[in-house]
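Structures are listed in the sections that come next.
What follows is a pair of complexes built around chain A, which joins chain B in one and chain C in the other.
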Partner chain A sequence: MSNLNINMKNLRRALLSWDTFLLVIILLEVLIFGLINPKFWRIGLLLNSIDDFLIIGVVALSMTFVIITGGIDISAGSMIGLSSVVTGLLWQVYGMNIWLAAFFAILSGILCGMLNGFLVSYLDIQAMVVTLGTSFLFSGIALVLMRFAGVSAYEGISGFPQSFKSLMSGHIIPGLPNSIFILIILVLISLVLLSKSKYGRYVILTGINQNAAIYSGINTRIIKMSAYMLVGMSSAFSGILLSSYLNSSRSDFGAETTLSIITAVVLGGTLITGGKGSVIGTLLATFVLGFMKFGLQMARVPTQYTNIPTGVLLIIASLIGALSGNSYFRSRLKLVFNRPKKSVNNFEKKL
Partner chain B sequence: MNILKSVIYKREATVSFFLIGIFILVGIVNPDFLTLTSIDLISQNSILYIFLATGMTFVLLTGNIDVSVGGILGLCGAIIATLVRDGANPIFSLLLVLLLGSLFGLINGLGVAIAGIPSIIMTLGTLGILRGMIVVYTGGKWVENLPDYFKNPSSQMLFDALNVYMLITLLIIIPLQIYISKSKRGRYFSAVGDNYNGAVLVGIPVKKITILSFVLSGLFAALAGSVYASQIGFIMNSTGVGIEMIAIASCVLGGVSLSGGIGSVAGASLGAVIMTTITSALVYLKVDASWNNAISGMLLITIVVSDVLIHRYTAERAKKIRLAAHVENMEIGQ
Partner chain C sequence: MKKSILFVLVVSLVFSVAVFANGAGDSGKDAADIEVVFIPKLTGNMFFESANVGAQDIAAKVGFTCTYDGSPNASVADQVQIINSAVARGVDAISISSLTPDGLNDALKKAQDNGIKVVTWDSDVDPMYRELYVNQGTPEILGKLLVDMAADQMTDSQKASAKFAFFYSSPTVTDQNAWVEYAKVYIGENYPGWELLTTEYGEQDAQKSFQIGQSILDTYSDLDAILCPDSTALPGMAEAARRANLTKDDIIITGFATPSSMREYLKDNTIEAFGLWDCGLQGAMGAYLAYWLALGNTFSVGDSIDIPGIGSVKVESNDIQGYKNAPKDTGIVLLPERVVFTTANVDDYNF
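Right after this comes the complex of A and B.
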């Protein structure tokens, strides 16, 4: 009997969880946008739409780690642009193999992340300040590199070889775009890293209580720095994907993605103050945002308008999150859903 | 001597020395930089950022952040430009726009203070909504062909040296600085950011102060939007994109702490002037404009890092001196 009770409790908790809520939103989106434009129900089209928001998902997954440690990285967008420029320049101006160039771009991303992480964790400067400064720095370096190589910042570099372009546009398995595989692999890696590895536990403990983590012998400085390096690496990867997808590299690529990335992480249920977060939540939130954008495009709403529902969604989601964490509101909610016995009620009144 | 010491240790002083240093160094390379025209140009360009940084200071002091100011600037700029273009009274339009800006700020403030949403999330959301609303409002077109009587005041000079807008800016900034550093209510902002729970216990209306800070931020963003429309003469969809980052950077340069409690309007305004000075100094140094961001970023990081290190060093030295005095006392006691 008690066993059944616990199971019921678990079931109820699962049904009321944030992830379920996000899943319901995704289903609602598919339903509503499908009713507006039946093309939205074509599986192939939906799968292809992943291409559009893959770059946000890739960075959001690793941003989850940084936000769990209690930090934030708003230089991700600039690192995307920088890695795109590094790839393009090494390939075109220095005649390097495109994959070797991509490797160096990822290396540059890791270095950028290392600088962020060093300043945040070893010098104890606020993450927001550091990454604000480095976001100027990285986008500036990207622009300077472009100018240095004599490439116009407006036109950028284009005309990548076919093999590089097929990174995004190709199909390893006919009918399934590569972006799905990239996303699945990255989600699996992040999932294992966060929930199944010692490293992930350390990250979460650092976010919950840094002093406790230090006293239990965790080198929190390295843990924090590594999280920023992770964002640097995935931003660089994202920049390469974007260059491949758009077949060009420009310094301002990714400039507007930072807000979407943080929105995805927060909408996914990761606490902005750190200590709690989930990879699956971030993934689902990425789909919520991506489908929203795609669906509105299919409904012939101009792309620039899509910011409005995204913002509304972010506020509503955090409103629900904030209110459910609010003890007063929660006690009210409990009163509505399962009316307590009279004696308890009287006791509360007395309080 | 003590007064001198306390002045030197003030962040505003460091920033002013830094500003003077930039002027001297760039002036040596290119004397044209020290002429009245160039200084006047810098002061005109900085008005926009001074307003944004001033509003932002109040929010940062309470320990929050407002990234929606770019959106408020864009939308309010577009609204005042459209109204004036269609022949409305500029004073009336300005008041309307300021009211709207305060309203947006009020929404941010209610979300943060009453609903308890983290400020960065709340304002990120409103930024998205405002950016979309600009496109809806303007229909994706530029707002241009503004009448001359709206554009001219921005270049009007008093005594051949002082821009009218700069005079208005000074008239707004100086009382605000006195208000925030000397008045009882002005100190509440720092108190809320320094120690929230302590402020609650002392009886400070914490929620009201938080809401007020966001309202002020919105108000100043709207004012900056009006200045933008008047100075530049047209409003695009992308007006004000990323400007919130420059406003925050100005505050950080001027010594406003992002964790709240520390900072002043004067410091933030000086930070804003430095940000514009760098841009125009690069022009006078004949450095390519593409270096702009890289140098701003490098400077921001250098100043913040050195500030943190110097503070830590002085704090540790003070601790050591205290410890040494303590040990000495003990020895004497023996």
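Right after this comes the complex of A and C.
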């Protein structure tokens, strides 16, 4: 009997969890947009639409780690552009093999992340300020690199070999876009890293209470720096994916994605103040946002207005988060809901 | 009995012939069935909104559907996503002002493979991936116009040794950089004594353009002329000059912008003249030609196409824009004229 009770409790907790909420929103989106435009229900179209928000998901997964440590990285968009430029330049101007060029691009992303992480964790500068500064720095470097190489930034570099293009446009399994596999692999890696590894526990502990983490013998500086390096690495990977997808490399690629990335992480249930976060939540939120944009476009809503429901969702999410996580709000909530009950009781007593 | 059967047969034959003839006359498609997606570089900008007004007017007049959708932040990835959604929705034609010369190639190819007609306007892509380009003027025409508007205001000594600056949107935009490149060539040939002091970028941001305008005036006090071939940079520059109490006698400011954004600066003598083409006309031509192709019409270079309310336009070869080895079944339609606005004619234009 008590066993059953516990099971019921677990079930209820699972049903009420944030991830379930996000899943319900995704299902609602599919239902509603499908009713407006039945083409939305074509599996092929839905799967292909992942191509358009894959890079947001890729960076958001690692951004989850940074935000769990209590930081933030708003230079991600600039690192995407820089990595795209590095890939293109090494390939075209220096005649390097495209995959080797991509490797160096990843390396450059890790270095950028290292700079961010070093400034944030070793010099104790505000993460927001550091990464705002480096975002200008990185996009500036990308522009300068283009110019030094004699490539006009407005033309960009294009004409990549077919093998590189097929990274995004190809189908390892017929009918399924590669972006799905890329996403699945990265989600598995992030899941293991955050939930199953010692490293993940160190990251979470650093976010909950840095001093306690230090006293438990964790080198929180390296942990924090490594999280920024993860974002650098995945931003660089995104830059490569975007170059492959758009078959060109430009310094302004990815510039507008930063806020969407952070939105996906926060909507996914990761606390912006750090200490708590979920890889699955980030993944689900990426789909919520991606399907929202695609669905609204299918429903002929102009793209400029698709930000409005995203904003509303984020506000609702943070409201619910505040209400459920904050004891002050919870006590206020109880007060609000309990008061009428009491008066009813009193009324009954009088009767 | 036999007679009545014969009668029925003859009547039904006549009816079916009439029905078929009717169908053949409309070539199977009705204006009302055709949807053109009209895509600007970015939304919320006076130039592109005016183009959209032209596009919507002609769509209403002819009777086809014209859907306006664009990126709010001038992002290539956004344009790709809008094209992908249009393909998924199954529209008939796309009319786009491209943010990049090559980044849209794969998305546009996918559209063409799905039988969607592609027309570009304002800013072009590789002729492989579109059928017609509605061109406001070749780089030669517009680069020359830009320089001539400044030179016409100069004294003879200024013409011999003017110090000048370029100020436009960004180093990554296609069309403006092409005009500026040709303007430099033209200056080298005709005004070898001119000296280029700086090139600045306003990123199509009104506030930023104004601030950069101020810093240009502060930093280079000996400038004779500032050339602003961008619809945000020119008003920003003019506003900066007005705040510094400079008039057209102190410094020559000219460039390309909409009359409505520049009218006041003409009237208070901050500037003497500026130029543009009728962007409403360009939008109308872009939308109509996309619709015209979606009807199933074909053309070859040298043909004339009738546009209701605008007149007959001639399809030119891709060579006039400097393309080599462009497909034979594609072409360029030039806007009939460009306008230089002065106090004398600015009130005749309402965009």
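We take it that the second predicted complex is superposed on the first by the 326 of 351 C-alpha atoms of A that agree within 3 Å, B and C clash if a C-alpha of one lies under 4 Å from a C-alpha of the other, contacts with A are read in each partner's own complex, and residues count from 1 in each chain.
Methods note: a contact is a pair of C-beta atoms (placed from the backbone, for glycine too) under 8 Å apart; a residue touches a chain by one contact, two chains touch by 3 or more.
Keep in mind the model is a prediction, meaning the values are calculated, not measured.
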Chain C versus chain B on the shared chain A, clash or fit after superposition: clash
First (chain B), second (chain C), both or neither touched by A:318: first
Chain B versus chain C as contact partner of A:143, first or second or both or neither: both
Touching partner for A:37 - first (chain B), second (chain C), both, neither: second
Touching partner for A:263 - first (chain B), second (chain C), both, neither: first
Partner chain in contact with A:125 - chain B first, chain C second, else both or neither: first
A:307 touches, of chain B and chain C: first, second, both or neither? both
First (chain B), second (chain C), both or neither touched by A:253: second
First, second, both or neither for A:293, with chain B first and chain C second: second
Partner chain in contact with A:242 - chain B first, chain C second, else both or neither: second
Clash-bearing segment of chain B relative to chain C, given 38-46, 182-190 or 254-262: 38-46
Contacts on chain A seen with chain B and repeated with chain C across the two complexes: 143, 147, 153, 255-256, 302, 304, 307
Chain B-facing residues of chain A, complex: 72, 74, 119, 123-126, 128-130, 132-141, 143-144, 146-147, 153, 255-256, 259, 262-263, 266, 272-273, 302, 304-308, 310-312, 314-315, 318-319, 321-323, 325-326
Touch list for chain A against partner chain C, complex: 37, 39, 45, 48-49, 51-52, 55, 143, 147, 152-156, 158-159, 165, 169, 242, 245-248, 250-257, 293-294, 297-298, 300, 302-304, 307
Contacting residues of chain B [partner chain A, same complex]: 65, 111, 115-118, 120-122, 124-133, 135-136, 140, 237, 241-242, 245, 248-249, 252, 258-259, 288, 290-298, 300-301, 304-305, 308-309
Complex contact set, residues of chain C against chain A: 43-44, 67-73, 75-78, 80-82, 84-85, 88-90, 100-106, 170-174, 177
